[in-house]
């Protein structure tokens, strides 16, 4: 995995603040476990509230954790004043999402001025043992936050 | 769009019951708006609880709606006694998820004994006007529910 | 499917010329069957040269046709002087690629100044009967052709 | 990366023979550079025949190499007598495909009785220096070769 040089020396503070402004992360109980330039680990406890018909966490919720991990990982490498939006992602579900906790670990594969490509993996933890349950590849887009309506990012 | 013949005459009842056994759908306030053989529309109200840093609904939550729509659409064509798991999906986010309500509309592209491929679209509704905000292509897998551990579906 | 207004009145000429400058299309025997604003159909004859171990056309070759169809469809809506690169795509193989001819039909789902999202379908034709064999969703990026190294599109 | 135990002691011979029965690989000049249980490296020389309008190798041809690498990697872990088909894949193009040679390196992420998930990376080599140009995540399906029509794998 390549090592990256952050363009914004305050990357940790800014990325954490952006994460903290996401009500969805708070609602899901997701927190930042580790943050480095181009790398982020998130952590989420199991909750019955997010399960599908078999008691496994819903694939969309696992995707929410993977996508936020990718977004924050990409965001750590962006210049000061940027905002970020997800362009697209692809998730493979490898095993049912059952466990006491879940980790979402993302890293930047290719940083870019406009587009950044990230990969992420989701792990379930049961009795201290982790197993891989899902993968994501995602494309993120940097946006200037002021004077530009994010609705127009594809317009 | 092709028309499909359901293998299970009770498809509507069984698919609705499977949907109702998903706590995540209840938590997100998602309900079935329409269900036909191979086609499902789901509906979700906007809630600040599911938003990211700009007040748009989080891409993972939009994905949860799209994935459930695909799963139920595929499920309507499966024989009695089947269970279903998502193998993988890909989501393109076309516009920020802002609106009063969201619709997730899925249809089966290719049904199969083992694998079924679905496409879905997410729409945001504001003042009665709908706009396309996301697309999904997903692969679903049919499982026999009894005597088979779903954990082994990839094993 | 939405109707699009081309920004470049010469879109047909320019898109056709760009297609004609692709040696890979010539090598594969792929030609333009139809071109409209935001929509393109390509056609390819079967050749044993492109097959995998079962005599079906290789998934990568089917993908080449789908990707070119998406690229040209997106290109028809771009302003004069643009160049285009593929950011990413996802292909689902629905049935083995066996037939006398193959059609690749793409349309723009969401045009954009920077990014355009397209969908495409591949069909195999045997004895005048067509069947769906693959789908693609792809993201394309507009580039200014002069004074900008396409290698930097992600840099 | 996990280490895998091949089910078929002749995996190398069988996987190589399957690769050799792919006319498309011969046409593209792709050869096996390395083969281990669950891991395959393929190699392809640059040829103008496979380029798009800017002299870069066409994304579909890069995808053909990535897909074959994934298929052979998955195939090394399958029991004797299996055949294999690609269900779906997703490719991210990270940099233009220009170079003297290209490498396609795949490994199995999750082997399965029915479905196997692989990841692959494409590299371009220029003057002995390699750079990452594309990634793939793909889902492959094991098929019994006799008494089962591969056309029915999704039926």
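So that you can tell them apart, the chains are marked A, B, C and D in the order they are listed, and the count of residues begins at 1 in each.
The rule is short, and it goes like this: a contact is a pair of C-beta atoms (placed from the backbone, for glycine too) under 8 Å apart; a residue touches a chain by one contact, two chains touch by 3 or more.
The shown structure was predicted, so the numbers you read here are calculated from the model rather than taken from an experiment.
Copies subunit C and subunit D of the same sequence differ by a rotation of 180 degrees once their CA atoms are superposed, given in steps of 5.
With centres taken as mean Cα positions, subunit B sits 22 Å from subunit A.
The distance from the centre of subunit A to the centre of subunit C, with each centre set as the mean of the Cα atoms, comes to 31 Å. Rounded to a whole number, the gap between the C-alpha centres of subunit B and subunit C is 28 angstrom. Counting partner chains per residue, subunit C has residues 87-88, 90, 92, 94-95, 110, 117, 139, 154 touching two or more of them.
Interchain contacts join each chain to each other chain, per the touch definition above.
For subunit C in complex with subunit B, the touching residues are 90, 92, 94-95, 109-110, 117, 119, 132, 135, 137, 139. If you check the complex, the residues on subunit A that touch subunit B are 18, 21-24, 27, 48-54, 56-61, 63-68, 83, 85-96, 98, 150-151, 154. Here subunit D touches subunit B in the complex through residues 87-88, 90, 110, 112-117, 139, 141, 152-155, going by the rule given at the top.
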